[in-house]
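The letters A, B, C and D name the chains in turn, as written, and every chain counts its residues from 1.
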Amino acid sequence: MIRFEYVTKIYMRGARPALEDVDVTLERGDFAFLVGASGSGKSTFLKLVLREERPTSGHIHVAGRDLGRLASWRVPTLRREIGAVFQDFRLLPNKTVYENVAFALQVIGKGKRQIENTVPETLDLVGLGGKEKRMPHELSGGEQQRVAIARAFVNHPPILLCDEPTGNLDPATSVGIMRLLDRINRTGTTVLMATHDENIVDQMRKRVIELRDGRVVRDQVQGVYGLETV
Amino acid sequence: MRLTFIASEVWQGLRRNISMALAVVIVTFVSLGFLGSAALLQMQVANLKSNWLSKVEVSVFLCPEASNRANCASGPVTTAQQDAIQQVLTTGAVGDLVKQPIYYESKEEAYDYLVAHDKDGYFSQSLTADDMQPVLRVKLKDPEQFQVVADATQNLEGVDVVVDQRDIFKTLFLVLNRATLIAAVLAAVMLLAAVMLITTTIRLSALSRRRETTIMRMVGSSKTMIQLPFMLEGAIAATLGAVLSIVGLWLTVHYLVEDWLASQFKTVDYISASDVLSVAPLMVLIAVGLSAIASLVTLGKYTSA
Amino acid sequence: MRLTFIASEVWQGLRRNISMALAVVIVTFVSLGFLGSAALLQMQVANLKSNWLSKVEVSVFLCPEASNRANCASGPVTTAQQDAIQQVLTTGAVGDLVKQPIYYESKEEAYDYLVAHDKDGYFSQSLTADDMQPVLRVKLKDPEQFQVVADATQNLEGVDVVVDQRDIFKTLFLVLNRATLIAAVLAAVMLLAAVMLITTTIRLSALSRRRETTIMRMVGSSKTMIQLPFMLEGAIAATLGAVLSIVGLWLTVHYLVEDWLASQFKTVDYISASDVLSVAPLMVLIAVGLSAIASLVTLGKYTSA
Amino acid sequence: MIRFEYVTKIYMRGARPALEDVDVTLERGDFAFLVGASGSGKSTFLKLVLREERPTSGHIHVAGRDLGRLASWRVPTLRREIGAVFQDFRLLPNKTVYENVAFALQVIGKGKRQIENTVPETLDLVGLGGKEKRMPHELSGGEQQRVAIARAFVNHPPILLCDEPTGNLDPATSVGIMRLLDRINRTGTTVLMATHDENIVDQMRKRVIELRDGRVVRDQVQGVYGLETV
């Protein structure tokens, strides 16, 4: 589903690489954590998958596409295969929950009928059934993040990327979000989540890819957060 | 679905940056107003030129009964002299420049004209036909060639003086041409301002909706879908400005030129309100073109994938 | 320290929104240009009025030797008639309106004037002094009161016709007044655009430096310190526009009016480049005022504590 | 130093109060954690101290001032008594480390001499001596947060407020930041820190004020994060 072949990313000439010789494969239906200290390259990894950035060297394959050969006008079709969730929820403050989720379908030109079917279904999935008409500021942080996940998932993309989705949430709320991501993963969606929340990583016991200074220093099935530090 | 969605995005964008959009409308209004004025002034100049220059004639005044001028020292013009002058004007290089036939105005005709036009009768009561000069009224195929005709006839026997009315129009044309130039320069400056304004409006709009565009990029919205609303905003504001300036020019020409000027100075052919309509499409086109350029320059940077 | 700091903030702000700042400069340039033009046109009209109206005279043409006019059926004006006319013009209500003394131009003087000004000699060679009319040239204290003088003298014995040159200026004043009006309206519209633009520039600047202002508020910077750079940016751009339009007007007046127009039509008093300098402070004041208003309107919202 | 007397804050008429009847006192030199789920009112508490928001009812005293009676033109002098640190570091990206810290003094009109003395001293304190000329993007997240703390502390305010200062940092880096805050607290500065990082709260064993739906449900000396949840 996602394959990095010896990928190196250098943002500025002469600077230390943000990613160096990264060689990682995620299969369809995988659930993996991307951990590492601040600046270790987690966000850079996700940006390369989304083709927001392009690698300095190496090859990246996502959802059967070679990103190096993907014409830039084809990038939108790539992004429709990927849902993305961020630490700041990035909801539109003047749109209701329903409209926020529907927005993601409207802007890729989906029909009215399809939107009316899919959106309530997805809101039910993330546990927001009945709160369609709330505005974002009327929701708790956890609920806002659920809206963001619903928006990322409403198009049923095969890949879901999460960049520290629980960074702004308290521990109890975070656990709820992780349960939701786990449920989405069980529908066959590949989930890749960058985080430095050790409790969550330790609890979930999923695959852990650890970056340090842009290099993969650990790739462990059913890992915990701080193995090497401890 | 898509259309209503884009329309609502455009509407929101315009409302959010209303003061900016109004500034664009006003500035395109004024700049295209200047541009249109320059075009119309140039049309008016062309009108006047074709109008007046075709009427312009070279008048060869022949010697009258009694004259103390040096040219006419030998007394009034004789028939032989007159034939010689006619000969020069009808044959050879000069003949080719001149529209045939040449109109001969006798002193009696000149006197009748004077009597008819001198309402107060100051002169007609004290002058007789014999005080008047016979004149050859020469029309030219190309009015600019006055000097050739003048040179050829000036020193012939029996010619008093050669006069060309074209001189009196020169100043007028100069003034009109300068007005056109000033309008054109102002138009250029204002168009520059318009481009920068549209650019900034689009940029502002893009900045104030960064969150939307970021989400759109992330969920895989096409470039067109992302950029179209901004481009439309700029284009709508610019077109509105163009329409306003067309209306403004139309009103100006209709009331100021057609109604008022034309009633004041009747002898001239004026541009009409329909001339405004003939430049209108061009003005709208320029407005849309400007906003398209501004969009291209701006949007790449602010909403790129 | 504070000054250099504020200066560097202002400079950065201007550089960051360069296209916007340029738009402000251009739009204030054009709008104040119109405003200045309107003011100067009005000054020119006042000039012309005081200039020409003071020269305007009512000419009372008296009956000449031979005339077939109804008024002069009883032959040329007699000394007694002439005294009676003078009497009317020097005493009573009419006398109060008239600048004394009244200038009497005899028919010989009129003939001399004709000879001196008729270069081609068409008329002077065929007219004699006896063909001319004696004239009373009456200057008025208030040129608008022409009708009173005309009514009082029109039907007196020995008066041929009463003529006032003022009529020929009417059209000219009308045109100049309309030009002033158009310039003023355009100035108003453009000033509106200028205010909106300065508002948007300041807003844009405040938005693009939100991070700075947030930090400033958090560390306890005073309101003045936070807002001053933005206000200065607007004021500087507006002042630059004002200076440009002053320079533009000065050049226009200097080259177009003083050098060219004055050489073409010499008889008139024109506004001079120094008149531009007399409106200049007002224009700068307006520019600064506009930007101050725009600042007040905008900054409360975007940088409030 | 900070005294809340039955403070209630309602953002919008009819909405649930963000803070309700909060009655808390912090003495000079205190170090307290403000914990609670997302939306429990932690940030609102800090905003009230900074007088970014005003209470709907109740009285607040900060550094000897009654905020209810403080004229709005006097607010800057209040803020000079308070340093504030946020989750996103809020550095100026086009200024060096030194300039970022100096900026805080420039904008309150301090003289050149004083800036040249204080800034390097403060940078030494936070452990950034020798990195004065780096740009923010050349620093790790932990180092950026140190710059933000230096900026908040350069004027030696008697109060330091921190709103989730470790929210974007990995656990190891977070510990470093906490050590720094502890050091600052030992200089006599009152430190109030909102967080939902349980590990940190548990490790530090400082005073813990827990909010739930805007009410103080716990105020415990030497507390741990999840006492009531466990």
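Everything below uses one rule, namely that a residue touches a chain if its C-beta (ideal position, glycine included) is under 8 Å from a C-beta of that chain, and two chains touch if they have at least 3 such contacts.
Model, not experiment: these values are computed from the prediction.
Chemist: Which chain has its C-alpha centre farthest away from the C-alpha centre of subunit B?
Modeler: Farthest chain from subunit B, going by C-alpha centroids: D.
Chemist: Quick one: report the Å distance separating subunit A from subunit B, using the average Cα coordinate of each chain.
Modeler: Using C-alpha averages as centres, the distance is 64 Å.
Chemist: Between subunit A and subunit D, what is the gap in Å from one C-alpha centre to the other?
Modeler: 31
Chemist: What whole-Å value do you get for the distance between subunit B and subunit D if each is reduced to the mean of its CA atoms?
Modeler: From the centre of subunit B to the centre of subunit D is 70 Å.
Chemist: When the centre of a chain is set as the mean of its C-alpha atoms, what distance in Å lies between subunit B and subunit C?
Modeler: Distance between chain centres: 25 Å.
Chemist: Please list all residues of subunit B that touch 2 or more other chains.
Modeler: Not one residue of subunit B touches more than one other chain, so the list is empty.
Chemist: Quick one: which residues in subunit A touch 2 or more of the other chains?
Modeler: none
Chemist: Chains as vertices, touching pairs as edges: which of line, ring, star, complete or other describes this one?
Modeler: If you draw each chain as a dot and join those that touch, you get a single closed ring.
Chemist: Sort out which chains touch which and give me every pair.
Modeler: Pairs flagged as touching, ordered by label: A-B, A-D, B-C, C-D.
Chemist: In their shared complex, at which residues does subunit A touch subunit B?
Modeler: Residues 50, 72-73, 75-84, 90, 92, 103-104, 106-112, 151-152, 155.
Chemist: For subunit C, which residues are in contact with subunit B within the complex?
Modeler: For this pair, the touching residues of subunit C are 17, 19-20, 22-23, 26-27, 29-30, 66-69, 120-123, 125-127, 131, 161, 171, 178, 186, 189-190, 192-193, 196-197, 199-200, 204, 207-208, 256, 264.
Chemist: Would you pull the subunit A residues touching subunit D in the complex into a rising list?
Modeler: 15, 35-39, 87, 138, 140-142, 164, 167-173, 196, 198-199, 225-226, 229
Chemist: Residue numbers of subunit C touching subunit D in their complex, please.
Modeler: 1-2, 5, 211-212, 214-223, 225-226, 305
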